[in-house]
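Two complexes follow with chain A in common, the first pairing it with chain B and the second with chain C.
And now, the complex of A and B:
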């Protein structure tokens, strides 16, 4: 037997799903209604989805990363110990390459929301800035991954 | 104390603040982290030199804070995903406490290993 509060929560969830479906199916008419939106509605829904999917992958990556960190520092860090684990190891290369890629998707989308809601910066300039952050993170991160693999 | 603050002063609001602040701080830290790992491109000795610098107590303290931030952002994010994608159940009220506990446990485990 569901409580009244539970039924309200389920109704809210269903309402949210219907709203997202509406955004996807009616994005062109909503775009006309939202002239101040620089990224169209469909793209905003895609950004929302990318943020959530990347978060799911990141949760797994971060757990593995935290366990590795806590294990690795127990006798102090040394280059020999770190590089001994990562150099020539395709498994760690693939893991960290995916980790960086997902961070480069997740972090800039979060940053975009924060600069919009906290600083009120909603413009094409903000989107270009966030895209630049994403590309910098990806390139700079993959460079680091390569540094400990090569 | 105005009414706005009283309306916001509850655990879920503070979880929202922690999630945002930890996200921004982790994003600011990432370039430094990538730069540090990139030292390996200049040879093992240079990388080792940097790692020796990290053995200072203040750096270890900062690293512990970073581990805490990472764990808090991850646990808070998993809580949000569960609230958004799973059907509501009463036990989800405890997610905030579980997320806080898991973050503190990760921070403590790192601190105990690094000192």
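And now, the complex of A and C:
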């Protein structure tokens, strides 16, 4: 059984969460089109360019990555044998560091368009969300790359 | 006499299809069918047309789910089974029945700076543009647009992003940035850039598939994307 004070605190907390949610999701309706986003027109164009260039690099990286996986599986390499080849190998470190970087650039830009077109989310909150996704992909990806190198 | 089974949208945003039977005739167009319904079956049916010969671009409708100019669309081409479903264009507010409000469509032409901006006076000599120059040929490829709204109606990106300028406005901008007499190139590139401009296009090519004048807005939009990117990299936007 909750005390009256506890129920009041929960209600206040719910109110704050709803207020923050409304601020994020309805921000776009409070602003004109050009103020909806942190990203100005020139930056929107450069983001488009970055996504196209990163797609070209990704195409190459994915082919190399798939060939590597197929080679490892078909030759029955164990985890220890794979680690034996990647540890201390600057070439694999550089390749996968670039792979992670282009994923962290390419995917969030596409996600920004997807949330705008399918959810109608075109606010600064959306930009912050995709930036957080980009940083997460980069940090966790590079952490994994470092883990098989060091 | 064989009869066509025709369903026509009645109402505005809210409404329903109404069924009619229309006599099948030789060389009959979809506009002929709609006109027959209004004159013989129900005079309250609202629709829009003017020239009847594919010049004015005012009679576009959705026919069996696809946007078309109805004056040049033969029934034999779209209703092999004798059935037609005629609705107003997509992506535009419906005024009544088959009539859409085209204001947003044409406002976007203005937002894309679809107006020629020259620098010469009437006392100046004629500008000389070589007919076989690259720019002139690119203008030629897109200049015959009649503003029917078929591409705009067929575009999924307009549905998902109502701010998107749409294929017709961008095609117009493309013809102007290739017009060597125009002096507002960078201003126009800035107007068509970004999330609501040419970079929103997914290259689905519905506009190219449906354009009754065989224009490819997709080609023009792809050209604008490259041109705008180059301007952005140089800091000219």
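Quick note on the criterion: the second predicted complex is superposed on the first by the 109 of 150 C-alpha atoms of A that agree within 3 Å, B and C clash if a C-alpha of one lies under 4 Å from a C-alpha of the other, contacts with A are read in each partner's own complex, and residues count from 1 in each chain.
Following the convention adopted for this analysis, a contact is a pair of C-beta atoms (placed from the backbone, for glycine too) under 8 Å apart; a residue touches a chain by one contact, two chains touch by 3 or more.
On a predicted model such as this, the values are computed, not experimentally measured, just so you know.
Contacts of A:53 after superposition: neither chain B nor chain C is touched.
Contact with neither chain B nor chain C is seen for A:132 once the two complexes are overlaid on the shared chain. Contacts of A:116 after superposition on the shared chain: chain C is touched, whereas chain B is not. One of chain B and chain C touches more residues of chain A, and that partner is B. In the overlay built on the shared chain, the residue A:70 is in contact with chain B alone; chain C does not reach it. In the overlay built on the shared chain, the residue A:94 is in contact with neither chain B nor chain C.
In the superposition on chain A, the residues of chain A touched by chain B in one structure and by chain C in the other are 118. Considering their complex, residues 157, 160-161, 163, 190, 193-196, 199-200, 225, 228-229, 232-233, 235, 237 of chain C touch chain A. Those residues of chain B that touch chain A in the complex are listed here as 20, 23-24, 26-27, 30-31, 33-41, 44-45, 47-48, 51, 54-55, 67, 70-71, 74, 77-78, 80-81, 84-85, 87-90, 106, 109-110, 113-114. On the chain A side of its complex with chain C, the touching residues are 33, 37, 39, 41-42, 44-46, 48-49, 113, 116-118, 122.
Put simply, chain A touches chain B in their complex at residues 6, 9-10, 13, 52, 55-56, 58-59, 62-63, 65-66, 69-71, 73-74, 76-80, 82-83, 103, 107, 110-111, 114, 118, 133, 136-137, 140-141, 143-148, 150.
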